[in-house]
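Next up: some structures, all given as C-alpha cells.
Each of the next two complexes has chain A plus one other chain: chain B in the first, chain C in the second.
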Partner chain A sequence: MDKITSLRMENITKTFPGMKALDNVTIEVKEGEIFALVGENGAGKTTLMNVLMGLYQSDGGCIILNGQKVCFTSPNDSFGCGIGMVHQRYMLVPNLTVKENIALGLKKAWKKVKLDMDFVVSKIEEIGEKYDLVVDPDAYIWQLSVGEQQKVELVKTLCLGAKFLILDEPTSALTPQEIDELIQLLKTMNKKLPMIFISHKLKEVKELSHKLAILRHGKIVFCGDTNDYSSSDIAALMTGREVKMPENNEEKEFGDYALELKNVNVKSIRGFLALNDLNLKVRSGEIMGLAGVSGNGQLELAQIINGLRKIDGGEILFLNEHIENTSPIDIIQKGMGYIPEDRNTEGIVPSFSIKENLILKDIENEQFSNHTIINNKAINDNAEKLREQFDIRCVNTSLSAGALSGGNIQKVILAREIARKPKFLVAVYPTRGLDMGAAQFIHSKLLEMRKNGVGILLISEELDEIMNLSDNIAVIFKGHIQKVLPAKTATRREIGMLMAGVNND
Partner chain B sequence: MDFIVNILALGIPFSVALLLASIGEMFNQRSGIFNLGCEGIMAMGAFIGMLIPYSVGQGGATAEIYNFLGIIAGALVGALLGLVFGVVVITFKAKQGIAGIGMQLFCVGAAGTLFRHFVGGTQSIPGIGKFYIPLLSKIPILGQIFFSHNILVYIAFLFVPLSVYILFKTPWGLRVRAVGTYPRAADSLGINVNRVRFQALAVGGALAGLAGAYLSLCQAKMFSDEMIAGRGFIAVALVYFGHWDPIKIMWGALLFSLAQSFQLAVQGQGINFPYEFAVMLPYVLVILTLAFSRDKKKQEPAALGIAFDREKRT
Partner chain C sequence: MTRQFKILYKTSIILIAVIATLLIGSVILVTIDADVFRTYLVILTEPLKNKIQLTEVIIRSIPLSVIALGITVAYRSGIINIGAEGQMAIGILTSTAAALAFYNVPRPLNIIIIVVCGAIGGGIWGFIPGILKAKLKVSELLSTVMLNYIAAQFYTFFLRGPMIDPAELTLGSGTPQSMRLEKTVWLDRLIRGTRLHTGIFLVFVLAIFIYILLWKTSFGYKLRAAGASEKAAKYGGIKVAFFVTVSMVISGAFAGIAGSVEILGVHHRAIEGITSGYGFSGLVVALFGGLHPAGIIPASFLFGLLLVGADMTQRIVGVPANMVQVLEGIIILVIVAAQQVLNDKYLMDKIWKKFHAEEAK
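Let's turn to the complex of A and B:
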C-alpha cells in the first residue's frame, strides 16, 4: 500500500471496567484531509486513537482502510499499514538517549550485531533540517523538559515515516512560536498525507483542519466542515454553553513580600548556569506571571522554590524565612503549594488511587490520620468533595490515578494543591492539556486565591493566560529576570522582545 | 607474598559462578523481570553438568568431550528453566517474587532428588582441569594469579565486555533496556514486549545453568544438595548493588570472592581471629562498597517486577 486514500472507523465501541469510553463512534478521513477531533477531558479521544493504533482492542466495530477491512491487534500491524502516532503521554524511555529512543523503532538501523547509530543520527539531522525541529540526539530523556520531550516525540514519529499521521495534543507543551512553526509544517506535510489532529486549542483546530468531530462522553455529537463554524460556535457545541475566560481586573492592595529570591545561581543537569543571578519578589495576594521561552530556567526556578533542587548561590526567603536548600517537606509544611510541570512523575503517583493522590501531601495531617492509622472515611469524603468541585471524570475515586485521561490527571493535581489552602502557590503551566471549560474554572480559582491573599507565581507559555491573570509580569531569559512589567500596561510586543533577550534599558 | 598470591589465585576462580549467574540475572532484570529462582537454576545446572560426564564418560580420551557436553547441557537446562519461569510470570502474570521463591525451592529439591535417584551418594568426578595459557602463565606471580585457571574462568570474564556490548550496541540490547524501563513505549513502536522478556529470561537462565555446571565440574568436582550455598541469592543482590552495570557487577563478584578467599586463608593459617567475623567479612564488604556507589546513569529498570498489560493504564 503506498497511499492511504481513506480511513474509516465504524461503530467503534470500547468499555473499561465500569464505563463505556467509546459508544458506537464512526469517523472517516479522506485523502488530503486534516481531521480534527475535539472534546472535553475524558471524552474518549485518546482511547479512539489507541484503538486505531492497535494498542486497545475494541469491543465492537471495525476499521476500513482504502475500502478494505483491516484488523489491528498490535501497533506492529498499524505501523505495517503506515500509520504513525504522536502520543499525548510521550512514549519515550527515560533512561535511554534521544537517538536510542528513535533507534528503537527504526528497523533500518537494526543491523545484525550492531545498531547503526550513525544512520539514526543522520536521520535525526535530516528531519531536523527539513522541518526545523532541533533536538540533541545524545541527551537522555530524563534530562529534558516536557516541551523538549514533545519535540522528540514528534521527531521520532517523523523519522519513522508515516503515510497517515495521528497527533494527540502535539502542541500542549510547545512554545507559541514552536506551535506556529508546527502548524505550518503540518500544513505542508498534509499535501502528502492525511492526518487526525487532537487539540483543546480551537485556534489551532480552525487554522489547520478541514473536518471536525466533537466527542462527548464517548459519543460523536457533531461532525462537519471546520470552515462553516466559528471558534465560538465550536466551543458552544463542545461544552453546551458559552465560555468566557475570566480576567484579573479588580484593584487591590498587596500584602508583604511572601517570596523573595536574591541573586540566585543554579547549575543545570547539563552543566551550564540555568539560573543566573536571578532576583524576584512576589507579595501576598499578587499574581506574578513569569513569561519566557521554555528552557530559560522556568523549570529550575520552580524546583528550587519547592526544595527539589539545590542552589549554588543566593538566598530564597519564604514568609521571611530562609528556605534555600532545605527539604521539600519543610517547605510544604510552611505553606507552599506546587503544581509541577511533569504531571506523571512529579504530580501524582500513577499507581496510587485517585483519593490517595488527593491527600498525598496531607497524610500526616490530623484530618486524615492520627499518625498511626489512616482515617479512610475522611479520605473518601475529601475525594468525593473534590471530585465534584473540580469535575474529575472517573468511575470512582478508588481507581488508580494513572487510568485517568490526561486532562483529568491535571485536575487531580490542581484539586489537591488548591484545596490544601496554601499560603503561596507555584503554578507551572496549570492549564496544560485542560479543555476550555476546565481551564476557565481553574482561572477563576486562581483569581479567587488571589483575592484571599495568596501569592501566586504563574509560569506559563501562553501569553493570553499570563496577561489575563497577572498583576505583574516578569520576563525570564537565560535564567535571568530581564524586567518586571505591570500587566495593565504591558504589550505583547514588549514582552515578546524581552523574551527574545532584547532589553532596551 | 605467597599468602597474598594464593588469595588472589584462589579468589578469581571463586568469583566465576557468581559472575556468570549475576550477569544472567542482570539480563533478566534489565528486561523487567527478577528471577529469585537463580539459586535453583544453578543447582539444576550443577547436577545436569556433572551427570553427563559421570554417567557416560568417566576417564579416557573422550572425557573432555563429555565434560564439554556437561557444560552445554547445564546451560541448556538453565535456559529451559528460564523459559518455564517466563510462562509463570509473563504468560500467567504470577507475582515475580513469590514465583521465584517457588522456582528456587522446586529446582533445588528436584536436583537433589534426581541426584539420589541417578547417582546415589557423593561421587567425585575428574572434572575440568586447569588450562595454563602458554607463555603468559610462566610470568612469575602474575602468571599464577591470572593465567593458570580453568578455561571457563577466562570465558566468564570475556562475558563482561561481551554483555556490555550486547546491552549497549546491539538492537536486542536496546530492546531489552526499553522493555525493562518503559514497556509501553516499546510496545507502541511495535516491539513484542513479552517476547523480548522471554528471550532475556532464556539468556539469564542459560548463564545461571552455566554457573551451576561450573561449580560442579570445575570447582567442587562433585555434586551435593547444598553446593550452591546461597550463591544464587548473592548473585541477585550483586545485580542491585552493581546498578545493572556488568562492570560494576564484576567488581562486586571479585570483591566478594577475594574476601572469601582471604577469610579462608586466614582461617587456614590458624590466625587467631573470631571465626564468625571472618565469615561475615565478604558480605559486609560488598554491601558497604556497592551501597555507596551511586546509580549515576539512572540505569534502574523502572518496570522491574511489573507484568506488562497493554490495556491497563497506570
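Let's turn to the complex of A and C:
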C-alpha cells in the first residue's frame, strides 16, 4: 500500500465490564485531511484509537482502509498497514541519541552483527526532506527540549513507515511558542499524509483540523466541518452544556501576608542557580498567578515552599513562621496545601485505593487512626463524602487510584487538599491535560477557596488560566521574579515580554 | 468482574505456575537419568506419609515462614532483602550468647530474653543495609548479599573461637559448635517422639502481628505508601528514609527470631549449617505467598515439604538433594514470570470476557 486515501471506522462498538465505552461510532478520514477527535476525558477517544491500533478488538463494526475491509488483531497489523501513533507520553530513551532511538524500531537497519547507522541517518534525512521535519541525528534525547523530542517522535513514527498519523494530545506538554510551531509543522505535513488529531484544546482544533467528531459517553454526538462551528459551540456539544470558564472578577479585601519569600537562592543539581534572589509575597485571600516558560524555576519554587527541597540562602515565612529547610510534615501541619505537578505518581500513591489516597496527609489524624489502629469506617465515610462533593467518578472508592482518568485523579488530590482546610495552597499546573469540564470545576473550586480567605500561588503554563483567575501576576524568568503586575491591567503582550526575559524597568 | 472470578483466576495462574515448574524440572531430571514421576511422587507425598516426616516438614516451615514475614515487611516498604541468611546467622549468635550468659533466670523470662536478643542481633544486621539505603541510596541488593558473607565468616569465627564448647577443646575433637543450652530454655515438644516444638505458635502470633501492623495501623499505611510510591509518600509528609530503615530492622529481627527459635526448638546449640539456605528460601516463600501472611503460611509448608522430600529422594530414588535447590531456582523464575501475569490487568480482563461470554450463552 503506497498511500492511505481513506480510512473508515464503521459502527464500532466496544463494551467493558459495566460500561459501553464505544457505541456505534463511525468516523471517516480522507486524504489530505486532519480529522480532530474531541471529547471530555473518558468519552472514549483513547479506546477508539486503541481499536484502530489493534490494541483492543471491537465487539462490533469494522475498519475499512482504502475501500477494503481490514482486521487488526495486534499493533503490528495496523502498523503494517501504515498507521502510526504518536503517544501523549513520548516513547524515547533519554540516554540514546536520536538516530539510535530511531534505529530501535527500524528493522531494516538491523544487520547481523551491527546496526546500519548510515541507513538510519539517510532515512532520517529522507523523511526530513519530505516533510520539512529537521532533527539532529546525533543529539541525545535528554539534551532536547520537549518540543524537539516531539519532532523526534514524529520522525521516528514516519521512519518506521507510517502513512497515517494519530496524534494523541500532542500539545499537552508544550509551551505556547512550541505549540504554534507544531501546528505549522503539522499543517505542512498534512499535505502528504492524513491525520487524526486528539485534543480537547478547542483553539488548536479550530486552527488545525478540517473535520471533527465529538465523542460524549462513547457516542458520536456531532460530526462535521470544523469551520462551520465556533469554539463555544464545540465546547457546548462536548460537555452537553454551556461551558463558561469562571473568572475572578469579585472585588475583595486581602488579609495579611500569608507567604513571604525573601532573597531565596536554590542551586540546581547541575550547579547553576535554579532560584536566584527570588522575592515574592502573597496575602491571604489573594490568588497570585506565576507565569513563565516552563523550566524557569517554577517547580523548585513549589518544592521549597513545601519542604521537599532545601534552600541555599534566604528565608521563607508562612504565616510569620520560618519554614525554610523544615520537613514536609511540619509544613503540612501548619496548614499548607499543595497540588503537585506530577499528579500520577506524586499527588497520589497509584497502587493505593482512592479512599486511602484521600487521607494520605491525615493518616495520623485522630479521626482516621488515632496514631495507631486505622479506623476504616471513618476512612470510608470520608471517601464517600468527598466523592460526592467533588464528583469523583469511580465505581467505588476501594479501586486503585492509579486506574482513574487524569481529571478524576486531580479531583482526588483537590478533594484531599481542600478537605484539610488549608491556610494556603500551592497549585502547580492544576488543569494540565484536563478537559474543559474538569478544568472548569477546578477553577471554580480555586475561586471558592479565595473567597474563603485562602491565599493561592497558582503556577501555570496557560496564560488564559492565570489571567482568568489571578489577582496579581508574577512573572518568573531564570529563577527570578521579573515583575508583579495587577491582573486587571496586565496585557498578554506585556507578560509575554517579561516571560522572555525583557524587562523595561 | 466478580470477586470469585478474581480468586479463581489467581489460583489457576498459580496452579499453572506449579505445573510449569514441574515440567521444567522434569527436563533436568531426565538429563540425570532419574525416574521423573517417582522423584516428584517421593518429594510431594512421601513426607506426608508418616507422623515423623510430617512434623519434620512443619519444623522446616517454621523458620521459613518467620523469615518470609520479615521479608514481606521490607518488600512492602520497597526493599528486597536478600540478607535474611546473614541476619539469621547473627541472630543465632546473639541468642546463643544470651542463653549461655543468663542461665539462672526463670524459664519464661529467659526464653523471652533469648528471643529478643536474637531479634536485636538480626535487627542490627538489617539496620546496616537499611540506613545505607535510606541515607546514601546504597542498593540493598549489594549490601545485603555482602553482609551475608560477613555474617557467615563471623559465625564460623565465633563457633570455632570464642564460643566453642569447652568440652570440644578438652576432648580435642574441635567440632565447631557452642555449648549445649540449659534444658530449661528448650522449647517444649508438642508430640512425643517427634521434634515438633512450640515455636509453631509463634508463627501464628507473628503472622497476625504482621497483618495488623501492615494493613490495620497508620504505621503500616505509611510504610506501604513509602514502598508503593516514594515521591507521593514524601509529598504526603511521610519520612520515607525512616520507614525504609525501620522496615529493614523489622525484617532482620524476624530472621534473627527465626534463628533463635531454631536453636531453642531444634538444635539446642549453635552448630554450623543451621541457616542452610533458609534466608534465600524465605524470600521465595514470601514471593510465593504473595507477600501476605495468609499466603506465606501455606507457602512455607510447601517449601518445607520440598526440603524434607529432597532428603528422601536421595535415599529412596537416588536423586541428589541438591536437585531440589535446582527446583527452587526454577520456582523463583516461574514466580517472577507468574507475578507479571498476575499483575497484567488487561489479560485478566480479556479472560474474564471470554469466561463471561461463555456463561452468557
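Here, the second predicted complex is superposed on the first by the 423 of 505 C-alpha atoms of A that agree within 3 Å, B and C clash if a C-alpha of one lies under 4 Å from a C-alpha of the other, contacts with A are read in each partner's own complex, and residues count from 1 in each chain.
Here is the rule we go by: contacts are C-beta pairs under 8 Å (C-beta built on N, C-alpha and C of every residue); 3 or more make two chains touch, one makes a residue touch a chain.
This structure is a prediction, so every number in the text was calculated from the model and none was measured.
Of the two partner chains placed by the overlay, only chain B lies in contact with A:N101; chain C stays clear of it. In the superposition on chain A, contact is made by A:V93 with chain B only, not with chain C.
In the overlay built on the shared chain, the residue A:L185 is in contact with neither chain B nor chain C. When the two structures are aligned on the shared chain, A:I329 is found in touch with chain C, with no touch to chain B.
Of the two partner chains placed by superposition, chain B and chain C are both touched by A:P350.
Contacts of A:D342 after superposition on the shared chain: chain C is touched, whereas chain B is not. Using the contact criterion defined above for the overlaid structures, shared-chain residue A:T372 touches chain C, although it does not reach chain B. Residue contacts after overlaying the shared chain place A:E364 against chain C, while chain B stays out of touching range. Chain A residues 350-351 lie at the interface with chain B in one structure and with chain C in the other.
Across the complex, chain C meets chain A through its residues 1, 212, 216-219, 221-222, 224-225, 228-229, 231-239, 349, 352-353, 356.
Partner chain B is touched in their complex by these residues of chain A: 53, 55-57, 74-76, 79, 85, 87, 90-96, 100-101, 103-105, 109-111, 113-115, 140, 142, 160, 350-351, 400, 402-403. Within the complex, the chain B residues that touch chain A are 169-171, 174-175, 177-178, 181-182, 184-192, 297-300, 302, 310-314.
Only residues 16-17, 306, 308, 327-329, 331-333, 338, 340, 342, 345-352, 356, 360-361, 363-364, 368-369, 371-374 of chain A touch chain C when the two sit together in their complex.
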